[in-house]
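Questions regarding the structure given below will be posed in turn.
Which chain is which? They are A, B, C and D, in the order written, and residues in each are numbered from 1.
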Amino acid sequence: MSATAFSPLVAILYLVSAILFVVGLKGLTRVRTARRGNFLSALAMLLAIVATLVHIEVLSWTWILVGLVVGGVIGAFAAFRIPMTSMPEMVALFNGCGGAASALVALSIVWQSVLERGENPAAVTVTSLLGTSPALTTVISVLIGSVTLTGSIVAFLKLKGWISGKPVLLPGRHVLNLLLLAGSVGGGVYFALSATDPTLQLQLLLGVTVASLVLGVLLVIPIGGADMPVVISLLNSYSGLAAAATGFVLQENVLIISGALVGASGLILTQIMCKAMNRSLANVLFGGFGAEDSGGGAAKDARDYVNVTSYSPEEAVLVLENCESLVVVPGYGLAVAQAQHTVRELADLMAKRGCQVTYGIHPVAGRMPGHMNVLLAEADVPYEQLLEMDTVNPEFRNTDAVLVVGANDVVNPAASKDPASPIFGMPVLDVQEASTVMVIKRSLSPGFAGIKNELFEYDNTMMLFGDAKKILQELVKEFKEIAD
Amino acid sequence: MSATAFSPLVAILYLVSAILFVVGLKGLTRVRTARRGNFLSALAMLLAIVATLVHIEVLSWTWILVGLVVGGVIGAFAAFRIPMTSMPEMVALFNGCGGAASALVALSIVWQSVLERGENPAAVTVTSLLGTSPALTTVISVLIGSVTLTGSIVAFLKLKGWISGKPVLLPGRHVLNLLLLAGSVGGGVYFALSATDPTLQLQLLLGVTVASLVLGVLLVIPIGGADMPVVISLLNSYSGLAAAATGFVLQENVLIISGALVGASGLILTQIMCKAMNRSLANVLFGGFGAEDSGGGAAKDARDYVNVTSYSPEEAVLVLENCESLVVVPGYGLAVAQAQHTVRELADLMAKRGCQVTYGIHPVAGRMPGHMNVLLAEADVPYEQLLEMDTVNPEFRNTDAVLVVGANDVVNPAASKDPASPIFGMPVLDVQEASTVMVIKRSLSPGFAGIKNELFEYDNTMMLFGDAKKILQELVKEFKEIAD
Amino acid sequence: MTEALIIGIYVFVLAMFVGFEIITKIPPTLHTPLMSGANAVSGITIVGAIIAARTGSAEISSILGLAAIIFATINVVGGFLVTDRMLHMFNQKKKR
Amino acid sequence: MTEALIIGIYVFVLAMFVGFEIITKIPPTLHTPLMSGANAVSGITIVGAIIAARTGSAEISSILGLAAIIFATINVVGGFLVTDRMLHMFNQKKKR
């Protein structure tokens, strides 16, 4: 480590910590071991922090303690306060913090080792003092960290709805982004290799910082709000790489290892998520998916539909009370309406009447991976009733009724039928195979993909228009009346 | 590297080589990519060798070239000459060479850097000159390398049948082995830590070498010949660890990485192989499995059997010519008799008559993993006809006839029926479910596990006694006569 | 290129391999927890933040360090707690 | 313990993880080829052997080095060739 002397004990502690990170992350990939895996990772982090505190010559504890306490309180408060359904936003914010921290550490090292030296500061540069490669990794850390920070903030704002979720497609944005990237990289290389003047070097560094902050915004702005989970996963990978870059600056292997672990696993996860939506990463990042001008089959409102039959909750209950099997298919609308408890109430009433109720969970239903699982878990729906797509799809032909609650794209038959459809190829739930399909949504507006769904026109489809929670509450009320 | 100056270019070449090793080994785990994987590993090795030659200051090329040419010719000659069916022996020998090389390198470093110094050699020890940890890793490299060498040689001799395949169980062998191990380790530690006298240090090093050479013999002698594949896999893992230890001595990361890769993958493979036999590694190493005194159900000859009916090849053909489906179950006896071509001839004749012929391959049939696959591949049996155990087992109930050729343990019903049997729990091929089972073997002697097989007494079993090749040739002859 | 940089690259490459290999098939339910758990791990930069802030002076470097500690701690503490909260939910359901 | 040793241990541990992770499910057919392929890789000790023999003197160290080169080369060349021979057999079969 450049900042401190080498200590074998601390190196071993860091190694143990790195091993625990590996074991912990591996644990996170299996349901049975996930919680223990998370715990092991947290333990690894604690170990790394303690080893660091023991190791370095702390000149003043005040700021370290202040920082730990303030950050810890904010983090814990945020973690306990937010509702489960706002997880993606929260993860985005946390991720931004990580990126910011990596960039700040790199900047602080520059100030500390160069600008604040007792000797004549005009005589030394980062490169002359620390060497070329630490200078280079410093600027990489700043670059990636800054992009992560502002990119995550934009993702957060989009998910919160504080700025429009619609892709903002500036003209010439690709050129602008390329220029900014080239500028940052070029400035960074010049910073590390050729600068001999500390003032110029400082200006370059600040220039790179600003350029990457802007770049982060511009890269995420053109991406639709619903693609944010993928973006966050990618930014998560970046924040790992930023931490690894910081590790190169400090020559600390534990940072390099954990950073690389996160970098790699984030990339893999991003790919897995893209695959589940049947899209390429490039399409997610640069496709402007969900923008106004999105391709063929775009639908805005009822004018695109013919032969849609709307039913009242009373009529729906007449069908439901004779069902022997019901599959509930939840979608993003369930989260919007916060109707998870009501849907469970209805399911329980049906089950009491002898109907077999299960839930069909599409892997990308909602707006984050596992969105429906989290939502239904909050409403205490038994785990065994949640069926994955591959399990539930062959069942639909033997199902009396399907209740689609605020789902749209994930039940769109065009995905398997219409090669011209933008979502063609994405595996969907074949709800139309059931005897009756009931769809609860507020209007005929499209879902995330912005396209028409001809399921709503099918003869065996009953549309129940209204807010999911309200409609479900009415269904529950009717049911109770029957029971009395 | 202690022996040479640091060169970034060479370090990068070594890194590329290490990456290629990882990718290559990963490729070796899938049938589709296995050959390319092996090629990539070989490329990685070539790269590492070239990088080394470029890098170090070669004072004389003679010996290096002599070594490469002599070793290369011997290796290539051995690789091309041996029959496919002697693979395990060959791998054992190659493996022994690897262990020997690691030990020799470590010894050479000691001589070169200490004993052959121009200055007064009496004044320096390995430890004082190279440091404690290189001294320690040197002795580890010698220890593991020597055990690998002699262990592999014993495995080779057992497989070749040049020494008895029977476990040789010396009384008190566990104590003796423990003493030898403790002696080697203790001597090694003393060598690295406390020796100040170079003569004593040299004596210690030679003592450790001799003790580990003896240990290698004693560890493998008590293991039955048929367990040798597992032993070789374990020794393979050791040779990797020896290479890694050499890497520590030379402070060369490419050796550490490739050595650790082999060490880890060898361990995993050993475990997989033990699992396929439903035995623990400890049982394989220390159980003396296959010794004269092996537990209940031991059977030596015909006196243990009642109700065995022996048939002639003519009678067998009468049954076979009416079969619509035949499963051939090959075992170790097929390899002994070298009857793979003849069995294929018979199968082709049957197929021509409209019978559907497949082969049921048990994962541990024969004496090495994939033994039957290699054997039948040599006889050009189409790959699609080879069915794995899980695929073929449900088929037996619909099969007209099963032809068991020199297999015994892998078709022993006791494995699933008799909890007292030593092989209880091992998954076997349920051949008895077929209408007729024909078993070709020379006598009623037991197979590798040394136990009775009551399949031979079943009513639907026809025993065809004789050498597998001879019996099969007679069957082929009879068949051709029918066809005429 | 210095030897230290090369060694860093070795360690980095190996750790990337480990990262790629440990995440293979993962059920969709765990996508979000894995994301947020991995995110918490990337807060390891806190080690660097502590080093940066250790002088406790009023100089710019220490102030940047303090800010880095705060941000990194939010990331670490918030990340692990939020992940645990999510996973707790799934576990509860399974026990019944 | 020196810094060099510690770094070696880091590299070793990471490579062990990689080794454990890349070998997961492997069909029985490939057990023997994998064994012999991995065995050939362990011949990497040839790098050390070349270093040991580079002086080419008639001293004991060089003679040990020469022996090491011969053994390691047998391991490497024989191992890769034998593996390729085995795999060639399987591949041939599949093409038909």
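Assume a residue touches a chain if its C-beta (ideal position, glycine included) is under 8 Å from a C-beta of that chain, and two chains touch if they have at least 3 such contacts.
In this text, all values refer to a predicted model and were calculated from it rather than measured experimentally.
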| item | value |
| --- | --- |
| Shared chain contacts [chain A and chain D, defined touch] | C |
| Farthest chain relative to chain D (centres taken as mean CA coordinates) | A |
| Result of counting contacting C-beta pairs for A-C and B-C, higher pair | A-C |
| Distance between the centres, which are taken as Cα means, of chain B and chain A, whole angstrom | 48 |
| Chain C-chain D separation of Cα centroids, rounded to whole Å | 35 |
| Intercentroid distance (Cα basis), chain C paired with chain B, Å | 43 |
| For chain A paired with chain C, centre-to-centre distance based on mean C-alpha positions, whole Å | 16 |
| Sequence positions of chain D contacting 2 or more other chains | 1-2, 7, 10-11, 13-15, 17-18, 22 |
| For chain B, residues contacting two or more additional chains | 18, 22, 253, 257 |
| Contact pairs between chains, per stated definition | A-C, A-D, B-C, B-D, C-D |
| Residue ranges of chain B in contact with chain D within the complex | 1, 3-4, 18, 21-22, 24-26, 28-31, 34-35, 37-39, 41-42, 44-45, 48-49, 52-53, 56-64, 66-68, 70-72, 74-76, 78-80, 82, 84, 87-88, 90-91, 94-95, 97-98, 100-102, 104-105, 107-109, 111-112, 115-116, 131, 133, 229, 232-233, 236, 239-240, 242-244, 246-269, 272-273, 276, 361, 363-364, 368-371, 373-374, 377-378, 380-383, 388 |
| List of chain C residues in touch with chain B within their complex | 1, 3, 6-7, 9-10, 13-14, 17 |
| In the complex with chain D, residue positions of chain C that touch it | 7, 10-11, 14-15, 17-18, 21-22 |
| Residue ranges of chain A in contact with chain D within the complex | 6, 8, 11-12, 15, 18-19, 22, 253, 257 |
| Chain A partner contacts - residues on chain C that touch it in the complex | 1-2, 4-5, 8, 11-13, 15-20, 22-57, 59-62, 64-94, 96 |
